[in-house]
Amino acid sequence: MSSIIGNKIKVSVFGQSHAKAIGVTIDGFPAGFEIDMDELGRFMERRAPGRNAFSTARKEADLPEFITGVLGNVTCGAPVSALIYNKDQHSKDYENLKKVPRPGHADYTAQVKYGGFQDVAGGGHFSGRMMAPVCIAGSMCLQYLKKQGIEVYAHIKSIGGVSDDSVDMADCTQEMLANVKTKEFPVINDDKGMEMQEVIAKAKADLDSVGGVVECVITGVPAGIGEPMFDGIENRLAQALFGIPAVKGLEFGNGFEAALLRGSENNDSFAVKDNKVVTKTNNHGGILGGITSGMPIVFRVAIKPTPSIARQQESVRLETLTEELLEIKGRHDPCIVPRAVPCVEAVAAIVMMDVIQAGEHGF
Amino acid sequence: MSSIIGNKIKVSVFGQSHAKAIGVTIDGFPAGFEIDMDELGRFMERRAPGRNAFSTARKEADLPEFITGVLGNVTCGAPVSALIYNKDQHSKDYENLKKVPRPGHADYTAQVKYGGFQDVAGGGHFSGRMMAPVCIAGSMCLQYLKKQGIEVYAHIKSIGGVSDDSVDMADCTQEMLANVKTKEFPVINDDKGMEMQEVIAKAKADLDSVGGVVECVITGVPAGIGEPMFDGIENRLAQALFGIPAVKGLEFGNGFEAALLRGSENNDSFAVKDNKVVTKTNNHGGILGGITSGMPIVFRVAIKPTPSIARQQESVRLETLTEELLEIKGRHDPCIVPRAVPCVEAVAAIVMMDVIQAGEHGF
Amino acid sequence: MSSIIGNKIKVSVFGQSHAKAIGVTIDGFPAGFEIDMDELGRFMERRAPGRNAFSTARKEADLPEFITGVLGNVTCGAPVSALIYNKDQHSKDYENLKKVPRPGHADYTAQVKYGGFQDVAGGGHFSGRMMAPVCIAGSMCLQYLKKQGIEVYAHIKSIGGVSDDSVDMADCTQEMLANVKTKEFPVINDDKGMEMQEVIAKAKADLDSVGGVVECVITGVPAGIGEPMFDGIENRLAQALFGIPAVKGLEFGNGFEAALLRGSENNDSFAVKDNKVVTKTNNHGGILGGITSGMPIVFRVAIKPTPSIARQQESVRLETLTEELLEIKGRHDPCIVPRAVPCVEAVAAIVMMDVIQAGEHGF
Amino acid sequence: MSSIIGNKIKVSVFGQSHAKAIGVTIDGFPAGFEIDMDELGRFMERRAPGRNAFSTARKEADLPEFITGVLGNVTCGAPVSALIYNKDQHSKDYENLKKVPRPGHADYTAQVKYGGFQDVAGGGHFSGRMMAPVCIAGSMCLQYLKKQGIEVYAHIKSIGGVSDDSVDMADCTQEMLANVKTKEFPVINDDKGMEMQEVIAKAKADLDSVGGVVECVITGVPAGIGEPMFDGIENRLAQALFGIPAVKGLEFGNGFEAALLRGSENNDSFAVKDNKVVTKTNNHGGILGGITSGMPIVFRVAIKPTPSIARQQESVRLETLTEELLEIKGRHDPCIVPRAVPCVEAVAAIVMMDVIQAGEHGF
């Protein structure tokens, strides 16, 4: 693995923030699928930097060029690969970071692992920018899943303690969530969104950053999908989601809240609705024993505050092992959470498409 | 995958709660390792049922019989396999559950996936009992890691809102945590442990159950271990830990708490200590960019309340799609959290040994 | 991998020739399949030792005991595991072999790899006996495939230069091959079989052994199965078939013969038969570009002469690095080829079932 | 898998013969390795078309552009990706092939698998041209292995029945084989090479093609590398080598010849040489029980005659299911064997580097 994920659909990500290009190869995507390039462009736009006041000033169109695997816009069965060429890099901003690592970043761990050969410019392979190729693959999977009746919605659940409206996990109003996709600031309740943006603006003014939580809902997945133990839907999503930079926590359904509850409160009663078995509540987040229940899959990821802050921080000069103060230059998001929203959708879609493609086989 | 996990060390778990036996095969364990069978027995004992008032009345010695891969107690390089024979099953207790699934269990999802052919007795392959063979493998890995200077400690962080003492993530007192292994109720602060046991007893008296959180610390892992993106230490642990039944959440370091903080609070300053680079705090939980920093790896898993409760619950008779009330018979833990503690250690050890074995290769 | 093979169906083999038992776990076998235990017994019998004059005198019923994954004889979706208990071992026969390795065996390579900790008795994990658990899994897969219209037939193609009748690769008479399964000596032409047995008897009388070729035909596989490049049907079969001890060569269709031909001779003309596209000849062995053509899959494996011979051989005492003559004791087949026939069928069936289960997914 | 191979080093190949580019991503290549770009260029040149009379007239420099994973020419630990841009395509040559498949090609099987969406131009993803990116990865691995003392040599063993000089498998003269790398026609005995070229010229004159055998020797691999059963060196090489288009057979050491021998002839006596255990002969081809013996690894692959011939051939119009005669246009090698030689080296090197990187871990 490493920068490759999936079994039936294998997504291989390559690039560094300031390499000639970043890109992705998708091996196993079914032939004959017409990619909606406008839709893909809109999706990429949601993650792209420079959209508003609180994201990095670096501007990149981030529009992918498909190199292989498509004829016109239709997949041909061969591995699909796409590149995003890098421009507008300011590599000089980063030169010092190999010597004095930034707190909260992978500078130090990469230095130890790669012995100083790592590409440190712009965060190298550890940059959040590596999510752009993931989003290419993710958008294709989202489009594919949608044709199968499966939709993936994420929104900002909270930033710095300010929470968006709650989703009814047992009866997710798709419309409510669907609208989020078109918003510049992806929340359900725009008033709360305004509050969050104030929190971000204040952090920025303080030369600081702030974290948050992204919530994701996947609807339309039939019951009975997934494998027990180590290859369940939770396991698969978990492995993938921790690949998004800054994710430090993950919970399904009631998650950590369940630890506070009694069984009689947390168990979801079964009921019959429209001749189908459903649960009255969805504290289990759509997965029981690793296998889908037919209820919406609901999970939340905790995203730490952007470690790059303009304030002086304490670090160590590695060569001399002397402590020194570090001031980071470069352009950074005071809050990465809004741009993480499509990334969470993309990763979830890749996993779900892989799982769906792996199929269920009886005889 | 499914019931197999690992790359270099592959652990394959088999069995159902009421099959002739449950067991495990460990492929790739290095030859020439002498298993301390007494230590393994003590470890199995920590997970075994029937130890005290709040665990199920089912008693099983759970001592494994090694079938292959060892000569005397020394591994010979061939796959190691071990069985635990099942006795003392009351299979009749479970017959109704195929028809009327228990809320919060995998009964319904297994029914859809396996078309009614699944073994429902005692929870079948979904039973928490399947953690016993995982613990065999886990104990071997723990013993192996210990010789490499790596130790894994878990304790009950909280049950039903009552919290154990906090661990200093940046300077884990190994002694404090090491003692936990020998305690019948695995907490740091025994007074808090007493409170927790009261919470459990009360839930039991109410024919109910209660959930909690297990915290785990891994010490002695050098910096520079792990891979970026999808194969980092967080990804690997995450995939494995969600294989423990009832786990619904996972966080590393500050985890969900980080979502509430600012970068200046959450970033861990680098410092020099004993001529080594350390961080002053350990909010990152020992992993940055998927790669170990040399600080202790710290994570927490949320464990939902045991879904099996003696109270009447609402369910559905699947054949007729009619709602009906269900009363579960059989023996069940009012709180699975104490027995989950060694399971968390076992799973973490299997992952870490696999990662360590995969090695780091330069030239 | 190592002793595990497969993606969708994972077969994990464990045991040593003289361990308490040898066994297999099959993860991912579909639920609800009724194993025909009589058929499985007959299949195991074909590989079992002690059937006739030219196989080892060691007698073992080799009947597996299913431990998990079945209710009655019906698979329940949980991993299926089965054991064959070892009896009748003469472990003392082997004690010297760690010190003075047998030519042509894995004694020396295992010694280097496992540092002397390997189980050398009876060949340990390298024994041909490890094919017995493979045959358990293989028989289940053969039964499953048969219900899908896919059959696997192997016969002795040649022993020591004596060749069986040729198979018409483009129009395999299934009856002709099917009869082979019921024969004690698995050839099409029994007269040739008598000749082969004379060759074996002569080798045995000379305290020697002899090799041969097994040919295998798989019918009923639809066109369009398999993946290009590294995951085609040839790749998958190749990886698995070299897991059978003593296999040193593999060819598909015309194989090495194709290297002598011109394109105009080796290319298979397309034609229409019964409204289906077929090829007039089948020099391609049913696979083009890694993908099945709908024609029978045909391959041959070369099996070296049993390395265990009663003659004196030259070896080296490893401790002292001095050359010395070695005389091997123990019971050995003068020709392993007849017993390899069901092993080839078993391995081919495991691969094909895995491939078929992995499925083809369009939208 | 599919177009991805490897565990520790993952090589992912993408592209179609007439896509914008073809390329490769190498995930897991160690950081800090300086690629000798001249050496890489020379290696690519050996596979490149248009070098002489008997290869296709299509000319491409085939020089890769490294996009990611290198700083200067030094690997940085991030996935290395490289592209070869396609020019000089004559896509119109291929338009008919979707309707009337070429005998011996993957046209028909791809049509069934991909439902007509496959890219048929130039053979699409099935083109031998896809070996160019494999050779990029292969050249890097060859350079890496060489620094570890491991070398990979291949030569044309035979073409159309004309054989090159034999290699002494037990004592491979590296110089003799090393010279082959610099020759335009890669044989040991240039007189035999002239004969082979006459065979090819004659086939070309007859509008036909001819097959052959490539032999490969890997020296310097220490004893004790590899895993038993399904993950041995033979298994791993086999899986990869059948990914080279037109390979239909593979044998190690004596291979199919061993099937004709007695044990006393085929077994390799152990001896002591320079204080090391060696075998006097190397009929086992350097691998016993899946594990290296320290002797040279020797294998041969059978390569079928190029299926593209200018002669009229019998095919079927798929839409109407009517038989018709087909004449293939385009440029084709009358013999692919010379250009297959570096491809075999490349694939062998990728596998061996992966195996070596996976390492051997004791404690």
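The chains carry the letters A, B, C and D, assigned in the order they are written, with residues numbered from 1 in each.
Here, contacts are C-beta pairs under 8 Å (C-beta built on N, C-alpha and C of every residue); 3 or more make two chains touch, one makes a residue touch a chain.
Note that the structure is predicted; figures quoted are calculated from it, not measured.
By number of C-beta pairs in contact, C-D leads over the other of C-D and B-C.
With centres computed as the average of Cα coordinates, no chain lies farther from chain D than B. Chain geometry summary: the mean Cα position of chain B and that of chain C are 39 Å apart. Centre-to-centre spacing of chain B and chain D amounts to 46 Å, using the average Cα coordinate of each chain. Measuring from the averaged C-alpha position of chain C to that of chain D gives a distance of 26 Å. Chain contacts: chain C has residues 1-4, 13, 28, 31-32, 78, 110, 113, 115, 125, 227-228, 362 touching two or more partner chains. The residues of chain B lying in touch with chain A in their complex are 1-5, 13, 101, 103-106, 108-110, 112-113, 115, 125-126, 130, 158-161, 203, 206, 208-213, 223-232, 234-236, 238-243, 245, 247-256, 258-272, 275, 277, 279-280, 283-285, 287-294, 302-309, 311, 313-316, 318, 321-323, 360, 362.
Across the complex, chain B meets chain C through its residues 1-4, 10, 12-16, 19-23, 25, 27-28, 31-32, 65, 67-69, 71, 74-81, 83, 110, 113-119, 124-125. Looking at the complex, you find that chain A touches chain C at residues 7-8, 28, 30-33, 78, 144, 147-148, 227-228, 357-359, 361-363.
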